[in-house]
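Listed below are the structures to be examined.
In the two complexes below, subunit A is the common chain; its partner is subunit B in one and subunit C in the other.
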Partner chain A sequence: MNNNPTEAERALADLFEARKAGFAGTPLDAARESAFSRFAANGLPHRRVEAYKYTDLRARLRELPGAAGAPDAAKLAAVLADNPPLVEGAARIVIANGRYVPEHSSTMANVTVASLLDPAADTTRVGKLVAESDDPLTLANVGLFEGGVVINVTGEAGAPLEIVHVSLDDGLVMGRTAVIVAPEARVSVVERAIGTAGTVANDLTELTVGARAKASWIRIEAGVGDKTVQLGTLHTEIDEEGALEHLTVSTGAGLSRNQIFASIVGDEADAHFRAATVAIGKRHVDNTMVVRHDALNSRSSEVLRSAVGHGGTAIVQGRIIVDPGAQKTDARMMSNALFLDDSGEVVNKPELEIFADDVQCGHGATSGDIDEEMVFYLRARGIPQATARRLLVEAFLVEALDRVEDEALREGLADSLRAALDLEGAL
Partner chain B sequence: MPAVQETIDRVAAIDVDKYKYGFVTDIESEKAPKGLNEEVIAFISAKKGEPQWMLDWRLEAYRRWLTLEEPDWSTVSYPKIDYNDLYYYAAPKVKDAPNSLDEVDPELLRTYEKLGIPLKEQEILAGVRKQGEPSELDEAGESNPYGRVAVDAVFDSVSVVTTFKDELAKAGVIFCSISEAIREHPELVKQYLGTVVPTSDNFFATLNSAVFTDGSFVYVPPGVRCPMELSTYFRINEQNTGQFERTLIIADKGSYVSYLEGCTAPQRDENQLHAAVVELIALDDAEIKYSTVQNWYPGDAEGKGGIYNFVTKRGDCRGKRSKISWTQVETGSAITWKYPSCILRGEESRGEFYSIAISNGHQQIDSGTKMIHLGKNTSSRIISKGIAAGQSLNTYRGLVRANPRAKNARNFTQCDSLLIGDKCAAVTIPYVESRTGTAQFEHEATTSKISDDQLFYCRARGIGEEEAVALIVNGFVRDVIQQLPMEFAVEAQKLIGVSLEGSVG
Partner chain C sequence: MLAIENLHASVEDGEGTREILKGLDLEIWPGEVHAIMGPNGAGKSTLGNIIAGKDGYEVTEGSVKFLEEDLLEMEPEERAAAGIFLAFQYPVEVPGVATMTFLKTALNAQREARGEKALSTPEFMKAVKGAADKLGVKQEMLRRPINVGFSGGEKKRNEIMQMALLEPKLCVLDETDSGLDIDALRIVSEGVNSLRSPERSFLVITHYQRLLDYIEPDFVHVLAGGKIVRSGGPELAKELEARGYAEFLEAA
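Here is the complex of A and B:
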């Protein structure tokens, strides 16, 4: 029991009490009470909680901003106009201050979107992936989320989907998204967070990839300053012969934790995760992934690239679990980190938990500075030192984007990484 | 221990046992009363004839221990230990030793033989001969055919045999039991004891500091290359006594020492706690090589009984260009929970860790290392090979850390796991923390099984399945075996075969 709650923890408890009555009767209300009480029992995770050893949320979130209210329509329209879709022709789903905004969202073939607070919405499949979770960020969201969407993809989606989380008021935001990709269906999603500097966001996403379905998901987490807090958790399940391609790009938030809990439950399924991170100055980026194989002949991979400078911190925790009986699993993880200067911190904690014998699993982790021999090679060809270093760092980071099929999007993401490298003159 | 009586009863009913070194030597022993309190600690200290400062040190550790909680973060699980249900001191009284090896249990000799222990060492281990006594095996003019190994045999808690002492003394090397060192060389003990593993370090190390009964002490003076390998055969003998060994090795400037620690234990019918502390200190340009072959009783076919091996081992590369190398072959114990570590304090110091951890049956291993880079230009290397068979759990847990001042630190880590059978588990939990951009860290880990092709190849050449597995596994661990001193390498290879018996088919 958490006998000595911090101000932030008390604020969350008060928020739950205040919201309780308002949510009565909404779908998923039944799970709120138990989830929040499980969260409150231990409070915000701290460094003595193994999974949060390197990202002590209790210490970093002593105080929380007040919960964001309903978004201001004019402000929202302006923000959306300033941030056009990253992929041409994408259909937008807008979640502002944690609430689904249908008037700014578009529809398309084979995709239905409904608010999670709408009593008419079909939410029978929502909440399954998080029911057993004891992750504190997940529990807090399940207890407190103020709105969100359930997206059903029933066939080949008519257009790429862009889910935009907008935070307008320097507030605490807890949005929730559930995406159910039916068997044989196909969808490609870009998820963006657009926030104000004082935003504290704790988003939760559930993604179910049905049998022989294909999903690609790109999460772009670009806060606007070192005060922004972006906490995002994805729970996903991939069924037989299903495939998921996932990419996280983190460049901006002061404190960012991207969590992925993936379960491969069907035979012959694929799950591949990439992440590109730039952590400059006071920024702290934590990529935590747990990939569980519970089926035959499944494959997973993780490739993470991080660049750290001016005292920034990059944390990578990647755990691969192979359950008993998950024979012929092929699981690989590689995390590489580059220091742009002498300061900063890089932590790699790649874990393997293998309970089946006929498997191929491995991980690798490296950290170090730019190879001076490579710089020398480029300089010998007349490229100035600064340019040579920049080229090498960019090439290093951009490799994590190599599975992004849309060329314009890939270039856009590469640009955002380049821009992040310029923060505080790090390069 | 409430679970203990139950275990004893169950084990009594079970006749199956594959442990090859199971025997209890029935020697009268003098015990401290069961349980742990300040009187027991004073009793131990008095028995050892220790000075007051040592007793004070122990009591301080004990008082601290009372405030600590037993850690539970490892992957191993075991019934709760009742620390007041253990004997903390048992000194053997030697009586009627056998007169020659002919009188020794032939099964025991076969075991020694399987492990390739030199005959003359066997005599000592079996209690036929004491140090300094001539051996019947000696022939005129014959030099020692097995190389030169000095044995400080720890029989239960008290060192009863020390060989080669004179020769070491000539070189100026001090090799004796820690109790003797406390009496004879208090200035060295005072200066170094607890400086690597302080009394406040962790639950088990603190307990050890309060109640340690014996262990080895080595001091190699400046510039001396220790003329022989030093060796301790730890043996746990008395029923129900926790073993709390304390080993302290100091390599002074420019010296070199290689220390071997080997273990076999008698068959036990209940769980035993072993919480040793090993401290190594290497000063400028000194090198310590510490090798372990651990083969304590792992429990019976049902996973009952067996030793709990909760050990704190740490080396401090205190001097510039110093080097500490740990090599371990872990095949025994019901539970092994240890992380031989190096603190790389001196500039350009180097730490190495080579490990083979084999678990079979119901064994649980949670082992690995820590390399803490503090000084400039320090380097470390970790090679860990884990083999899990039966229904065992084999965990590698390691930490590599470079502090901001550890400019140009280097680490290379490789940890590979091999799974034999679908009921066992291999877990890898490395922590790689770099706080300086100039550090270069590389880590890689793999998990796989013995390939069917390799097995088929061996089988097609008429090699039996178990033999083939042992052969392939020996290939898998070769990188580590090569780091062992010759005497141990042979022993270790055989041990791997023995440990994996019953793991296939």
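Here is the complex of A and C:
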């Protein structure tokens, strides 16, 4: 037991007692209790916990806001109207203050959506991917989530999905989502985190990509200020010949940690992860990825682009694990960081754990300043210095979007990166 | 147009300060084509870079005037807008910035600096197409990031295409002929010649007479030891081709 809990940890323990009193008797309840007690045993992770060495949550989250209550309908409608879908024709699934809001969510062909709190919902596959996890953010969410959805994709999804996490009240929010993509099915998802300045969010997603299924997933957190905390964890499993294309875009939360735990469990599967990060001013963005290969002939790649300046910090932790027998694995990771001035910080921590002999694995990291030869080339053609630097930084970041097929979406994402570069007149 | 007087310039390298230009004089009037030849390391690119405004060179003495303005006081982008264009000896690759975006940003930035109206997209497209067709630059190349994956010759063509689009007053060509195949040399030279006019001047840096067969200079200068050591007409280039730089190196 963690015998010297912080104020935040005590608040979380109280919150769990309150949640427990309201458990509605769903099949998920048992797992919640055990997860929370495992979380509480160690409390919030701190810098002596290896995976959190650079993002000390105990120190950064000494106090937490109160848990958000049920969302106000008028406020929610206004926020949704202000933030139209990024992809035209997308079908929305809205999770406000951690709770599924069916009134604002739409239905589409080959997709079923059910509330995790509905005792009638089929949740047999929910929790499978996190059952073994000892990650504290995962355990906290499983114990404390206030609501969420299980989404079954049974064929080609009738429309792109947009899962919108809205936080309305500067509260603590823990929405939970499970998406099961059946064999041969196809879906593309945009996951957006829209929060108020004082939001502390800890989302959890489980994504199962079945055999020969294809999923694309884009997570965008356009945090609103340096007090906003966006923690998001994805656990995913990809089966035989399945494919996952994932992208994380982080631009503005004061504290952001995006975790991905991916397991390739079927032969010939693909999983590709991209991340574009802007960390300017009082912003700390942590991308932590663990990719495990436990199958033959599978491929994974991670490309992370980070632009930091004005004291901002980007943390990139990437671990590739190749299990014994996972022959012909091709796994690559590359982290590139660009310093906008000399006050930013970037930490790269790559780890390879390879237990098979016939594999191709590699990682690389670069960090550097804006290339002055390139700046001069642009200036020599009449482009003012600030514009030239700007073009180069944008170009550097936008390369992380190169696997986004929808052109309008790619432009929209590029726009949010551009807007983030405007913070504090960074360039 | 351009008046350089007693120009001294040095660079900092690992060991300390090294003077590269040691009292260079050069005067170019509107409509003139000047060629500069000289041995490797003589300071030819240094001169081009100083005209364009590149960092890293310290001018310790002398002056450079462009259209009566003190060029050394101007930022590189101000020089470009005023009409200076340097076709680089080694054009850099700029990943991620589409050539089209770059050209449009450059052209409209220059126009804005001169108080002219920005070109509309159709006007711009027409201007680019004109310049690209003239230099045999394919549309497909314009869609790629600047110079990325271009062959050496394609990069040089791309430089002259930019020059045709931006219509500068003083064009400095730094070894534009190197890396060009025989046909490309002709196409690029024709591109340059079509830009010749009574108002536009050229400073052509080259090692080879062959380029000067296409782009006939009014004056040829030998740059050696950081100075212009000899000037003459087109016949000087032929003489150099036959005799080399030995006599100038001794003198310098």
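To be clear about the criterion, the second predicted complex is superposed on the first by the 425 of 427 C-alpha atoms of A that agree within 3 Å, B and C clash if a C-alpha of one lies under 4 Å from a C-alpha of the other, contacts with A are read in each partner's own complex, and residues count from 1 in each chain.
Note that in this section contacts are C-beta pairs under 8 Å (C-beta built on N, C-alpha and C of every residue); 3 or more make two chains touch, one makes a residue touch a chain.
Just so you know, these numbers come straight off a predicted model, no measurement behind them.
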When subunit B and subunit C are modelled together on subunit A, clash or fit: fit
A:A182 touches, of subunit B and subunit C: first, second, both or neither? neither
Contacts of A:A414 with subunit B and subunit C, given as first, second, both or neither: neither
First, second, both or neither for A:M108, with subunit B first and subunit C second: neither
Greater residue coverage of subunit A in the superposed arrangement, subunit B or subunit C: B
First, second, both or neither for A:V49, with subunit B first and subunit C second: neither
Partner chain(s) touched by A:A70 [first = subunit B, second = subunit C, both, neither]: neither
Subunit B versus subunit C as contact partner of A:A380, first or second or both or neither: second
Subunit C versus subunit B - closest C-alpha approach in the superposed model, Å: 12
Contact set on subunit A toward subunit B in their complex: 50, 308-309, 324-325, 327, 337, 339-369
Complex contact set, residues of subunit A against subunit C: 371-374, 376-385, 387-388, 391-392, 394-396, 398-399
In the complex, subunit B residues that touch subunit A: 73, 404, 407, 417, 419-449
Of subunit C, residues touching subunit A in the complex: 52-55, 75-77, 79-81, 85-86, 88, 91-92, 94-97, 101-102, 105-107, 109-110, 113, 145-146, 162, 166
